[in-house]
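Common to both upcoming complexes is subunit A, partnered first by subunit B, then by subunit C.
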Partner chain A sequence: MVTLWTNTDRLFFKINPSFKFLISVSLFVVYLVVHNLNSMIWATVLFIVLFLLVNGFSGRFSFWIVLLTLIVSMFSAGAMILFGQGTHVLFHWYLIEITEEGLARGILIGLRTFIFSIIGMIMASTTLPVPFFYSLMQQLKVPVRYAYGCLAAFRMLPMMSEEFVHVRQAMVVRGMTRKKGVRALYDRTKRYALTMLAQSIRRAQRTAVAMEAKRFSMTETRTYYYEIGWSRYDLYFLALILCTVAFGFLLSNWMPLTPFTNVIDN
Partner chain B sequence: MSLKSNPDRWGVTNLRLAFPKKQNMFFKDLTFHYQKGEKILLLGPSGSGKSTLLQVLSGLVPKSIELPMKTDKLSVPESWGFIFQDPDTQFCMPYADEEIAFVLENRRIPREDMARLIRHYLQMAGLSFANPHQLISSLSGGMKQRLATASILALEPDILFLDEPTALLDPAGTEQLWQTVQRIGKDRTVLIVEHKIDQVLDFVERIVLFDDSGRIIADGPKSDVLHHHKKELDDYGIWYPGVWHAFEKKNPGNHSKNSMAAKPLLELDDFHVFRDRQVKFSLSHLIIHEGEWVAIIGENGAGKSTMVEGIMGLVRHRGKVHWHLKNPADEVAFVFQNPEYQFVTDRVDDELGFNLVLKKRNRDEINERVDQTLTQFSLSNQRLQHPFQLSVGQKRRLSVASSLIDNPKAVILDEPTFGQDARNTFALLDLFQKLRQKGTTVLMITHEMEVVRHFATRVLRIEKGRLVEDFLQVPDNDGKGGVNGHALDEHGQAVFQNQSFL
Partner chain C sequence: MKKSKNSKLNLTDILVTIVVALVFGLVFRVLEPVYNVLQPLGLHLDALLYGIWFIAGPFAALLIRKPGVALLAEVAASMAEVLFGGSGGIINFYYGIVQGLFSEAIFAAWRYQKFTITVSVLSGVAAALGSFIIDLFYGYLADLAGWNLTLSIIFRLIGGALLGGAFSDVLVKALEKMGVTNLVRPVTKDDYDVLKK
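The block that comes next holds the complex of A and B.
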């Protein structure tokens, strides 16, 4: 789990995680209200570049993540492209009608999904869970029970993936995998869910008791092993993001790649 | 941390407690007290409420675990630490230093002191990391339990509650944990619940013995209790020193040495097993013969599980694995370390019949076999229950029974007696022996050197992903080890070191 982050001493790891989080959220809002296809295209290009420059995952892993989000985005674009309304019909076949306007709207929605994922990945790939939750407690005053609860849950993810492997092996040995058909698939899914849920609930309960046995109190004040503060890197980060966003809008004015400046009006 | 009333004596008077969905109250007016400085061992069969009592005494019940209970008087100490059984579920942080810091934060220790204290507590618990920022998931079970000890020490407790802390540890981890506990427990009050008591006996002075229904049937100095209640210790499946001796008297063990002329059953040639694209186990040549009882031994992480998983084809491997069988998939059974993973149905009887249904046996035959097996494994009363509702021992029996119901030609077991009490262990061993007499070949990963000495006809020692030793032996019950017993003695000795108590 923790081995996911390969280069933890990069610039973006030094930014205050709460700040990074808030900026990411406001970027979501910004790109939610953009209806100019040109701005979206340029912003996407710039954020991919930024992601590739700053991310803390290994090159291979980032490649697959980008590819995967691209595929997901294409799905979300698909519905709009294939069935969108408009006057300039490009292609028509039974129910499917591709129009220029629909295509533009579809691509915009696809890119919006994609840019959200990329911004999310910039955040996730440069933020370790422990500093993130410490920062949430210290800067955003998130109640300690949620923060430590989430951290404890993080610890369980690798255990669950290990468990998944064991359950799969057990199914092979017991011959569950030899049965074919929908019914067998349902049985297997149910078995995975039941076994892993039962284990996880039990584990969560034990961990909760162990935490309380260590005098974890949800209300009283506490000291912190890590003090997450502010630094000049936060300013650099803000400047970098502002530049990226502004540059995106400027480029779309200077070099509009498509005629669709507002996909809603068309 | 001062205490207001009667500072050096705690406990409970007339405790009654109910478990959810159970008709009767569990404890019937149980009274138990202890004093400062005492070292107490709580013994009893599984399900006798020892762990629950420990939780009541520490105040975890009803504060953290809500159970309806009633007492006339309950005095809970202010300064205590609790070590639980499962090494994996006691931590909430990813790194060792952060886990101890979590306790220090709870105690509101200033941040500047933390780094120094973390080193101090780790050292007290016998963990000397060069860098305390150590990933907890990379530690062995034994180290995790010592880390749990270190984080408890950070509470600066006067009283330590230990709830079967070594049940899930291997012998090496167990020994190191008890050494740590002895060292840190010297000036503290210690209450221990434990089944494997041979290494604890030196340390404790008082033993409290519970029966099935949660009543205290003996409470006194250890020598008295051990002397007068040997029968109960046997009945309750407690691993007291000498329990093997008693078992060996009843079960003569395997005496026939396997001749090398026996037919080969499994051949491995130039065999390599991979995990995460790396070779984790390799072997140039090995033949297992029919009728052998092979014990696979070696330290944790040496590659024993990797080896058998490779043989079963569960992980990627290269080279020749050849079973001299018509249909190896049906004729070789595999029993996992954690029985819960391998349950595939919602009822005990369905679970047993699953393999037979898969092989399309006729209904009458399946019913007859299931009935027979239920009786043989004493699971008849549980036949309609969900496998997850069974006790630890019953789960293990069911997992073994469902793998063995169709009399496989070979069975591979991954630490089948791990975490089991003595009674269950012996019952399982009797069963494996009967199977072998009927012609099943047994391959077993085990840490239990007594099992190796008493039952195995052949021993494979794995070290760092390689087979380093392979020898035949005549299993033996005179306590001196096998023919080539040198490998066994050095490891087997720890188990009996306190025999003088009995």
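The block that comes next holds the complex of A and C.
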């Protein structure tokens, strides 16, 4: 596996992975019901700070990743910014009609996507796959065969990407990449998918038979090589997240930056 | 023999489903830049490509033909996206669950007896409908200009039917010719009839 993690000794690596996952998932619900642009802006600022403080990447890498994600998130709001309904028209050109309300809504959606990406990345950049799946089995009682299935599948990823490169090289040698048009694109996609799928399914089936022979799917009276438990770091984490969320809402009350407190009805 | 008739998922089914989901997950990640470039045009051309996000569910169901496989495949594919840090982050997980449930429901409606191209196209369309439920809350769809919203819905349903449903049927048919599907499907009555001859 590619190691992106520079330092796995930081605070967020020590949190119980299931707990981290559940908190991240529930933060989604919190920001789904926020319709106040000010709260969203402040939450964005605070989560960027949090990400830069706790993530497991190197400093420069995490800066670029924040910037790129912000740009991509704003793309996702394109339709709402260009064609959103509203009464205060800012700009009009053929079908494009940018309104104040549409713009505010678009920015809110963009920032929301961005916050979810950042939360996802805080999770992804500080969680190692093995403890994550062990924790799922031990804390969330995910059936053993699902968790070990996932782990085995993750170990096959490098092989898959290697195969992907091989297929591409084979196509280049045979001149298939030079063909243009929709038909060629369809043929190429089908070829990629079929070769990769056939190889992967055969390999997965072989591995699963071997794993069952070694009683990987046994459920009763089983022991684990890694015991994932709870620690005081989980409390620190909870406090940190609660503070971030609470401060986001408080700051938007103290220092509202825009007049859009509810983007749905105005 | 008795065990393979069982419709409960065993380790082989689970591992194959997850691996299939990961293969599509790789495709998702490769396609994501294309998708992101199409988005800011605002004309929802990206929605045509959206269908490829639904393919894992119908494909896995056609391949393994057991209850629960479509849901597992969609959730696994979305989990992979979260763990690889794909754009959208944690929201992909919710999309995965809803789309998986919707495309599973179509196969369940035929009681897991019928695995034709019609059912798989319907399953792709169902996943597209499911994705709109989240979008309704998430993207304030109702506040878009009318023609724009219609365009988005039509494109996404076409994408779901063609890329999610029909394409997965094409792929599975091809895999049948290659003999790969025999490895993973439960034994059917036809197989026993062959033995009797």
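Convention: the second predicted complex is superposed on the first by the 249 of 266 C-alpha atoms of A that agree within 3 Å, B and C clash if a C-alpha of one lies under 4 Å from a C-alpha of the other, contacts with A are read in each partner's own complex, and residues count from 1 in each chain.
As a convention for this text, contacts are C-beta pairs under 8 Å (C-beta built on N, C-alpha and C of every residue); 3 or more make two chains touch, one makes a residue touch a chain.
Source: prediction; values computed, not measured.
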When subunit B and subunit C are modelled together on subunit A, clash or fit: fit
Contacts of A:Glu227 with subunit B and subunit C, given as first, second, both or neither: first
Which superposed partner A:Thr219 touches (first subunit B, second subunit C, both, neither): neither
First, second, both or neither for A:Ala170, with subunit B first and subunit C second: first
Touched partner set for A:Arg178, first subunit B, second subunit C, both or neither: first
Comparing the two partners subunit B and subunit C, which touches a greater set of residues in subunit A: C
Touched partner set for A:Ala198, first subunit B, second subunit C, both or neither: both
Partner chain(s) touched by A:Met160 [first = subunit B, second = subunit C, both, neither]: second
First, second, both or neither for A:Met211, with subunit B first and subunit C second: both
Which of subunit B and subunit C A:Arg105 touches, first, second, both or neither: second
Contacts of A:Ile118 with subunit B and subunit C, given as first, second, both or neither: second
After fitting on chain A: smallest Cα gap, subunit B-subunit C, Å: 5
Set of subunit A residues, in rising order, touched by both subunit B and subunit C: 129, 148, 152, 154, 198, 203, 207-209, 211-212, 216-217
In the complex with subunit B, residue positions of subunit A that touch it: 1-2, 129-130, 148, 151-152, 154-155, 158-159, 163, 166-167, 169-176, 178-179, 187, 191, 195, 198-199, 203, 206-217, 220-225, 227
Subunit B residues touching subunit A - in the complex, by the definition given at the top: 58, 60, 63-65, 81-82, 84, 86, 88-95, 97-98, 101-111, 114, 135-137, 151-152, 155, 309, 312-314, 329, 334, 336, 338, 340-344, 354-355, 358, 388, 402
Of subunit C, residues touching subunit A in the complex: 9-12, 14-16, 18-20, 22-23, 26-27, 36-37, 39-44, 63, 76, 79, 82-94, 137-140, 143-145, 148, 152, 170-171, 174-175, 178, 180, 183-184
Subunit A to subunit C touching residues, read off their complex: 24-25, 27-28, 32, 69, 72-73, 75-76, 78-85, 96-97, 101-102, 105, 109, 112-113, 116-121, 123-125, 127, 129, 132, 145-146, 148-150, 152-154, 156-157, 160-161, 164, 190, 192-194, 196-198, 200-205, 207-209, 211-212, 216-217, 263-264
